[in-house]
Every structure is written in structure tokens, then in C-alpha cells.
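Residue numbering begins at 1 within each chain, and the chains themselves are lettered A, B, C, D and E in the order written.
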Amino acid sequence: MPNPTKLTVSHAPFLHDGSEISNKQYNIIAATLLAVIAGLLQYGIPALGVLTLSVGSAMAWELLMNLLTRRPVSIGDGNAALIGLLFAMLLPAVVPWWLVVTGTFVAVVIGKQIYGGIGGNPFNPVVVAYAILMISWPMFLDFNAALVDYQFDFTAGFPLVLYKAYGTAGLESFSPGGLLLGQQAGGIGATFGLGLIIGGIYLILRGFIRWEIAVSFLAGIFITALCFNLYNPEVYAGPVFHILTGYALIGAFFLAPEDSSSPVHFTPMLIYGLLGGFLTVLIRNLGAHVDGVIYAILIINLVHPIIDKIRPKAMRRVMHHA
Amino acid sequence: MMKRPFFGIATPKLKYDVIEDVQPEPVSVQPKQRVTLFIEKAYDRADKTLIKKGDAVARGQRLQLFDEDPAAYALSPVSGVISEISPFIGMMEKQMTAVVIDTESDREDDRDTAFKKVSGTPSIEDAARFLGRLPGKPDFTQFTDADRTVKTIAVLGADRDLQAITGQYIIKSGISSVKTGIDILRKITGVQNIVLVVAQHQVQVAGTAAAGVRSVDAHYPSAHPEMIIRHLLAEQAEQGQIAFLTAEAVAGIGAAYNTGELPLEKLITVVKKDGTRQLVTAPVGTHAADILGAVNEQVENGDRLIMGGPMTGDAVYSLEHPVEPDTDAIMVQDKEAIVEGTDTPCTNCGECVRICPANIPVNELVRLLDAGEYEQAAEQAALFSCIECGLCAYVCESRIPIFQFIRLAKHAVKRMRAAEEANA
Amino acid sequence: MREMVKMVIVLTVLSSLSGGLLAALKNNTQDRIDSQVLTFVKGPAIENILEGATNDPVNDRFSLKVEGEEEERNFFVGVYDGTPRAVAFETRASGYGGDMGVMVAFNVETGEIMGVSVTTHNETPGVGATVETNTDFKNQFAGLPADAEPNVKKDGGSINAMSGATITSRAVCKAVSRATDLYQQLQSQIKDQVKTFTG
Amino acid sequence: MAKTIGQEFVKGLWEEIPPFRLVLGLCPTLAVTKSVENGIGMGLATTFVLVCANLLVSILSGIIPSKIRIACFIIIIATFVTVVELMMQAYAYQLFQNLGIFIPLIVVNCIVLGRAEAFASKNRVIPSLADGLGIGVGFTLSLTAISAVRECLGNGTLLGYSVFGPAFEPFSFMVEAPGAFICLGLLLCIMNIIGQK
Amino acid sequence: MGDYMVLIISSMLINNITLAQYLGICPFIGTSKKMETATGMAGAVVFVMTLAAIITWCIDTYFLKTLDIEYLRTIAFILVIASLVQFVEMFLKKSIPALYAGLGIFLPLITTNCAVMGVCLINIQEEYKFLEALTASISYALGFGLALILFAGVRERVILGRVPKPLQDTSIGLVTAGMLALAFIGFRGLV
């Protein structure tokens, strides 16, 4: 037959719901916007510098690794940008440039690319990077020291440092409403609680993050903090304080639900979140670290492959097969 | 139409299409020039075939390939002359033989009478011998297999795949033939418990067929035999005790014994590029080009032609591909609408796990398959629990062709195990 | 059987050779090891708290028998301006990562604590381990009377604990308390002995 | 097949360099490489034990009945480890303090027992010596390299001398436990890349 | 009671034998590629480590220290551990074959597992009393087992990923172990 029609041949199924990685990443980036803009308004130009440097260097590292490993260039999927953005959101507004670049190197190269790129990493790259920097240069990540040049019309202390040093006595100047609106020192994109909550709810409704993880993470914080608080209200702060300070909200909505480092089954997701919340408060109240969220997430990342084995049994096939 | 909803908190559900109350009569299509038939047997001893190139065949004639293998046959839907016999490789390296018959319109009335002679006394042997390639492809080996005792026959009047309405139309318009078929099945198989499984809106119509009626819900893949057993017939779920036949096949059996003539017109749902549907009847073996021409559907370079439904069908590379006895739908997809698969790794988002009707840990499975660990996938990640519905690949945000991975892996493992057994 | 005998002989000979070699080596190095331990383990801590002493406190030491203890304890003497004025000795308490040793120096004339310094510890790096360098914390002990029983604020005492390292701080307090007890118990003997070290 | 003495020595420096090629003896590699001084000290101590043990094992291999050979090897190795331990206490006490329990633990270092069992018990004295020396020097070189990287980045110094000047903020993660693991993992990767070429 | 709690948590999590004290890394990397092997090794280590620590503690306290020959500690300990492993192997083979089938192949590996010897030495170095030594040894052993099993869980996943060629196997294993150690730093101060 002369000149037959050339058809596209591929495998079933021939329908797709249209979801794609980049769409999800860009939506998560969009969801951070409220919190990021609030941070920029609060901290001004230096924060913008940190933010752009972080996003830019993260993408540069990704490109470099793509070239080195001779794999398709993947900066278009937005994941590197998201990693850079989330990393910057955790940082104080005033940090040296080399710290940002090292951080994104650790996040993108060691946290993600050496595991084979997106989906391979067993730990959240952003959290790994931040934890490593926190060990190396705690003085640059100390919010009270970093933000000393800023004049705010509210108590400009990092609530958790005050809490660690003076117990509940240091917390009188913080009101839940103020904390929710970002009247606290903290990371560029981690203080404006309301923005993070709105962004998180948007992502949950759109199905880009799992509500099971976010909700159970916050529930874990709430329950544990409540228990401590009831046991000794003089020493241990209440649950609302714990949820609205530090990295609790950004952790619950943006760090813990990261796909590659979290479980996928229903019960494991709940356990994962609850354990994360529990550890967060435990480390804050008893541990050596000021904010427990980073390590709590690392630990739940670590246990996720094992708890994800708690899953319904696969269906037994009953059809007869020749 | 099939996109992810804006609010994606719940697991997406794919709904089966429902036949309209006023459904236009199917368009009748006749093959132009030639038909192609597949015989499920390797064409490996070309000199020993019973049929030869140049043989004249009559409508309804059994075309058996080898003398010692009576199960490898096709039914000629037309009268004509065999113009070509050649090997054909189907999906998963399946070795088949393609037989091309040039139709001769002047021999239209020449009918094969072999079946008519035995149709007075229905028997399972004759049914297997003559009716196994009727439209709907009834599998009579289910009853002759010594390893299993069938206690229930499920007649599937709902459509397995999305967008097709073939099964529903049979129930709507041919319920009396289905009833006759069921009566004959009772007689020839000895199985008394016959259940008619239909879509919810057709329960009343189906009730007239004097059989137990069950309805499947509106969400894909509830009309899949595995899901029907699991949800509707769980009490009889012993391995191998339930046999499945499509309503079209049962109606065909009824019609065949009623008239002594073999019904060879296949009912097909044609889904056009714009998503509209058209029912068509055409002899088994009719080329897709003839059918698409009859419904005025233009196919261009880069479009996709799918034999079967959108979730489980096969994309074919030629418009000359024929309708097979079990091709319920023919679908044309515009090149703009095609979503290509990618080589991106799994991001562990878990959508596949949540949508999988068989509770397979698909995320783990796909990682194992990506690393080539097929045996481990079978042991740890329930590879063989897969019922091949295709939903995992439908929701995959990395656009991994998971469904194809799974089919390949199953094929590889089966072949490996067979080789091991042969060596043992 | 012969093989069995051979096995036993080889093993015995090998073990005895090894034992003999090591015993000889041990005897020859014993003294040097002892002085090395004093110099490197206790030395820095002693020099730290007896800062400004004109003698070498590690060498100017005496030992006393303490009731209920098998081994004798070493006491190090600090000479200031020609007069032996200070004595330092070590006490132990269990910290976060096991036992820690604390060297406590007393002024024999006033009976006040002159300083404390940590000799050995196994505390968490970055947390309890800062006890080595945290002078603010350690300076709180200087000037306390010899009958003091220091305690961290959390336990109702007057010492500010190092942030995040309550257990380590507690252990230091406990060790210092033990030292004050011991000092009071042995005060007269110590004073007698110290006098013998004149410049 | 037979290698010259030189080849026996050189193979420990590249072909079978521990712990990169011979992935053994990871614990001391990670534990003591915070500073170059410790790294070299540990390397030399291990080399001493390796050489002496190889020497004695190859001499005695004719006498030792094969059933109790492992026990004999262990006694020999443990003796030399104790010798190192005592000598170090007497003459290099600070190093002894820094290396801590990893000095007695040379006794369970798989490299030492491995060489005794796999090489020295089957070869003559001179090749065994060369083998022990080669592997030992290779191990020392590896430890020096790893500790150089870790000390430089983690402390900004090399053998105690400042490398990058006062403006450098040390990446102290490298001297902590997680840094040790990650650093060794990445160095191993670099070795693999070099080895492929 | 509280002191023992502190001891347990610090030995198990904070001063984890592998992740903080660098002991037993060879088996940690070697047996963590599959969950089954990891569980087997973890079981064997818990069993042998506890026994070895107790026996060496007794030998040190009642034999070496009384005779004042502590310098023979290294020889004594390694011989005790080696013969203990042999004995346990023989004992299990005869009396509990089921357990032997699970742990058997790991037992010979334990002789050169420096974690076992390390715990014995730590017990002496820290001057633990008998009960403390027992508690610490069990906690160290459990800590090793816990880390090993968690590591195997992560590693099973990492192995299936598309790790670049030069990083595969031990290299990526070490990096992942580093992240494990990083996570365990989070436990600091938790007593």
C-alpha cells in the first residue's frame, strides 16, 4: 500500500489525568508565596538577596549535576527551584552568601542528585542541608544574632530560644494572634503562620500534599505539647505556642509531606506525622536543640520505609489462569 | 473529560459511560476487498497447514491450521479466496498466524453448513469446535479443562473498559438472545447457576433473562472479572469455580442454536477523536480502515488507533489491523491528545497506591521493576496480584508506563519460571 | 593424639611467650606511663586552676590514704610567692556520658575554693562537652567556702547551669561537693603535708 | 603469577589499598581521621602490627596446626597490639588519648587478620613482609588523605596550622560523625571515578 | 531507676555504638542491603554482645584486676570473644537449630565485629558496675540492631534508585549512613 498513515504506537492506558511533576512543584512554589512575601516585607532587601541566591544556586547545582551524570536536564521540573526556595525560607534574612551556596549544594547534590535525582532521596534534601549547616555554623543560623540590626514594633526574639533559656516565663510578650501574623523572629518564610496555613490548605485541597501527613504532624505536636503542658504548665508551653513558632507550620505543610521521603499508605502516613509531631515537641522540651522540627523530620524520614510496610494485603487473585 | 479535577484531595474515580436511552441503530459495515483473521498458533510448519493460499472458503467455514490442533482455528466471516497466510507477532511476543481472505461478492450466498448439521443437538464439544470464535469470543476451555470444576457462570453484560457501550447495547437490544444462550449453556455445560452481571441502570432489563442478576457500580474497574468475583460473587470465590462469558458471546450462542447459522457480525463501539461514539456492526476480520471510513473518521499521521478500550486496548501501527472476535471498541486519538510516557523515575507520590483496586504497593513494585528485579517484585510487591486495569499509569505524575512495565515483568517471570520447570 | 598434643604445646608456648614479652615491656614502661598520665590527664587541669604557681604542681605532689578507699589519692601543691598556699585534688561524679573527673583547688589559708577544672569526661560534643571551656560556669565555684555544697538552680542551689547541659552541670556540682567533704575530712593532714613543700 | 617483592608492596598502595579497594577497617578510618596527626598515628600503629604479625605468622606457619591457626593468629596480633598500646602510652600519650579504644581495637581490624590468614600463612617471609608493609603504608596514606580533607574543611587547619586564613569559617560538620560517613562515601566515589579511567 | 533510664537512652540512641562511636561499621555496611540479613545480624549481635560484655566484665573485674595484669586485657578479651562465638555456634547448632538457621552465617562474622569488643572495652573504661555494664551492653546492642534495621529499610530503597554508577553500593551506603547519624544527632539531650 503506498504511503500508509503513520500512527503513534504506545502502551495502554491511553488516558492520563494530566498530572505532571512540574505542575505539582510550581503549585507548591505558588503556595509558599504568601509566607515568602510576608517575609520579604518584614526583612527587606537582604531577604530578597538570600531568596534569589538560594533558588538560583540550587538550579545551578542541579544543572551541573545533570551535566556531570550525563542525564537529561531536569531543572525545568521546578524541583530544584522549590528546594532552593524552601531552604531560603528556613534561613534568617541575614546570612553570608557562601552559607546559602553551600546549603543548596548539600541539598541538591548530596541530598538529592547522588540518589539519582527526584524520587530517589530517602531524606528530605532541604532538611538534610539545614541540619548539616546547623551543626557547622550555628552562629549564623541564630536568629537573635542574625536579626540584631532590625527594628520591629514587636518583641523581636526567636520564641524558641527564649523558651529554651527561660521556660514559659520568657513568652509573655507573644500572643497567638501575633505569632499567627508573623510577629516573631525566624526564617524568612517560616514566621507568617497564617500564610503557611493558607498555602498548606490550598495544597491539601488540590491534592498536592497529603492531608494525612500535615494534619497528623500538627496533631502530634498538639497532643504532645498538651500533655507536657498539663503535666507542668509552669515549665512547658501550651500546644498553640508550639504550633505557631519555629518551623512547625512550614514543617507540617512543606517539609514533612515531601513525596520521596514520606510514606504513601494511609496508616503509615498517620504514624509518620504523629511521630514527627511528638518528636518535635520532645526535642523542644527536653532535647539539646532549640527547634525540634528539623531533626524530627529527619528521624521520621529515616523510619518511613519501615513504617510504610504497614499496608493492606494485596488482593489475592481468584481467576483461573491457564 | 478525563483530567484530574481541580480539587484533588480525594482519589479520582473514573466512571463508565452509560448508554443513552435513545441509542441509534448500529451502522452496518461490510469489508471492502479483504478481511484478516488471526489464528492463535505459530505459523511454524507452513507445509503442513490444512488451509492453503488460493483455497476458496465459504462464509462460516472453520479454518483450522493444523490437523492435530483443532483448537487453533478461525471462522471465515465472508466467502472468498485465501490470498495470504503469514506469521504475525502479537502483544508480548505472542506467535500467531494471519490469514487474509479476498472477499468475492458474487459468492455471497455460499454458506458453510457444517454447524447447521449438528445444531439440532447442542453439545459442549460442538460448541467448542464451532462457536469459540464467535463475536465476544466465548472461551469453552473453561468447561473442558480437567483441572477445574465450574460451578457458576458469570455472563458479563457490562463493559470492561471505559467508553465502550458494546455490552450494554447487547443487553438493551438482544436480551432475548442472551436468554436463549443462557438456556443452552445450562444444557450443554450442566452448570445451573448462571449469573448475569450488568450495569446498574440495566438491572430491570436483565431481570427478564431468567438468571440471577448482579449489578456492578459505575466506577472503573468494577466490571473487571477479578473485581466482580471479589465484590459480587465472593461466596463462590474458590479458584476456578467461576467461568466468565460476555453477553455478546452468550447471545451469539443463543442465535447460533436458534437458527443454525453462525452470527459473525461483531458489535463495536467506535470512539472518535472528538469523543463522540458510534455503534457499528462489522464482520470479524474487517479492517479498521473500512470501519473508520464508514463513520467518516479521518486518521492522520501521528494519531493513535486503539483496538479495544482506552485503558486496556492495544495501539496498532496499521489501519489494516482487523477487528478481532473480542474487539469491543475502536478508538482514535488525536495526536494533540496523546500524553507520552517518560523515563522520569518514580517520585513516590503514592497516587497509584491509593487508586490501585488490588492494593498493590505500586510505588515499591515500580522501583523493583525499574531496577530489573522481577523475581523480587513477584515475591515482595505482589506483581501477580495486578489485574491489569491501567489505573496506576493513568494517575502517574511521572508518567511512567507502569502498566506496560507490569505486563512485561509478568511475561518475563512466567517465561523464566517455565524455563526453570523445563530444566528441573 | 599427637596432633592434639602439638596443638596444646603450640598454644601454650605462644601464650607464655606473649605473656612474658608483655610483662617485661610493662615493667619497663610502668613509671613512664604513670608520669605521662599525670602530665597529660591531670596536668592541664592542674595548671589551669593553679595558674600563677611558681612550682610545677604535677611534680610537687603527695598522696594520702582516704578512709574507705583502696588506693591513695594524689594531692598537688601550688606554691605562690614562695609559700605553698594551694592544694588541688580530683573527685569524680557521674555525668551524662559516664564518669567525669573534676579537679578542685583549695586555698589552704582561707579554706576557699580557688577553682575547678574538668580532667576527664565523656560528655556530648557541643553540649555537655563545653564544660571544658565554659569559664563563666566554672568561675561560679571560685570563692565558695570549703563547707559549701553547691547545687544548680533547678535543684534549689545557686549555680547557673550551662544551657542545655543540666546533667553535666549537676555532675560538676556533685564532684565539687565531694571535694569539699573530703577537704574538711582531711584538712589537718593536708595542711601538715603542704607545709613540707617550701618553694 | 609470581609477583616480585616490589609488586607485592606496590599492590597495597593502589590495587588493594584499604579501605577504598579493600573495604575493610572502616571503623578506625572513620573514628580517628578528625586530624591528620591522629590519622598518621593510627596508620603507623596499624602498619607496625601488620608487619610484625605478617612476619611472625609467615615464620610460624609451618609449625602451627591448621585447626588452631586462627586462635594463634589472634594471640600474635593481640600481643603486638598490646605492645603498641604500651609503647604509645609511654612515649606518645596524647596520641594514645586521642585514639582511645581504637588502639586495642586494631586487634579486630579485619585488615590485619585478613592479611595474616589470606597472605602471610601461605607465603614466605620476605613477600609477607612486603605485603604487610604495602597494605600498611596504603592504609596510612588513605587515613592521611581522609584526615587531611576532614581537618582542612572541618577545622580549617592541616597538622594544626591554619590553611585558609582567619576568614574561613570551619565546616565543622566534617569532624562530626555524620560528616565522617558522608566524607568517606564521597571520597570512595571519587576513587571509583579515577579507577574507571 | 532514673539513672538506668539515662544509661539506656544514652547508650542506645545518643551515643549509638555505630553512628556516634564508629564501631561495627563493617557489618553495618555489609549486612544492610537486605532487610532479612539485617534482622539476622541484629539478632546475632544482640545475643553475642550481651554475653561477651558480661563475661569480659567478670574476667576483668575478678581476674585481671585482682592479679594486676590489666595490660593483658586486649588478648584476654579477644580470646574470650572468639571462643564464645565458637561455643555459641556449636550450642545453637545442636540445641536450637531453628535459630541457628537464622543467625548461623552471621556468627563467624561477629568475631571481627569491633562493636562487640568495643562495648566490652567501654564497659571497663567507664568503670561500670555489673548491673550498669549489663544494661549498657544490652542497650548498645539494641542500638546497633535498631540502627541496622532502620538503615536496611532505607538502603533497600536507595539500592533500587538510579544512583550514578561510581556512587553505587558502599559509597552511597556510607553517605546514607551519614544521614542516619545526622538524624540520630536529634536525640541529643533527650534524657
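Just a few scattered comments:
Here is the rule we go by: contacts are C-beta pairs under 8 Å (C-beta built on N, C-alpha and C of every residue); 3 or more make two chains touch, one makes a residue touch a chain.
Only a predicted model underlies this, so the values are computations on that prediction, with no experimental measurement involved.
Counted as hops between touching chains, the shortest connection from chain A to chain B is 1. Each chain gets a centre from the mean of its Cα atoms; the one farthest from the centre of chain D is B. Of all chains, the one whose Cα centroid sits at the greatest distance from that of chain E is B. The chain pair with the larger count of C-beta pairs in contact, out of C-E and A-D, is C-E. Annotation: 67 Å between the Cα-based centres of chain B and chain D. In whole angstrom, the spacing between the mean C-alpha positions of chain A and chain C is 48. Mean C-alpha positions place chain C and chain D at a centre distance of 33 Å. A separation of 22 Å divides the Cα centre of chain D from that of chain E.
Shared interface positions of chain C, defined as residues touching 2 or more other chains, are 18, 22, 26, 124, 126-127, 164-165.
Residues of chain B found to touch two or more other chains are 345.
Along chain D, residues 71, 75, 78-79, 82, 86, 176, 178-179, 182, 186, 189 each make contact with two or more other chains. Within the complex formed with chain B, the chain E residues making contact are 157, 159-162. Within the complex, the chain A residues that touch chain D are 96, 102, 110, 114, 132-133, 135-137, 140. Interface residues of chain B, counted against chain A in their complex, comprise 2-4, 6-10, 12, 141-142, 145, 148, 162, 225-226, 229-230, 237-240, 242, 244, 299-306, 308, 310-320, 331, 333, 335, 338-341, 343-351, 353-354, 357-361, 363, 382, 384-385, 387, 390-391, 393-399, 401, 403-404, 407. Chain D makes touch with chain A in their complex at residues 169-174, 176, 178-179, 182, 186, 189. For chain D in complex with chain E, the touching residues are 23-28, 30-31, 70-71, 74-75, 78-79, 81-82, 85-86, 101, 104-105, 107-110, 113, 176-186, 188-190, 192-193, 196.
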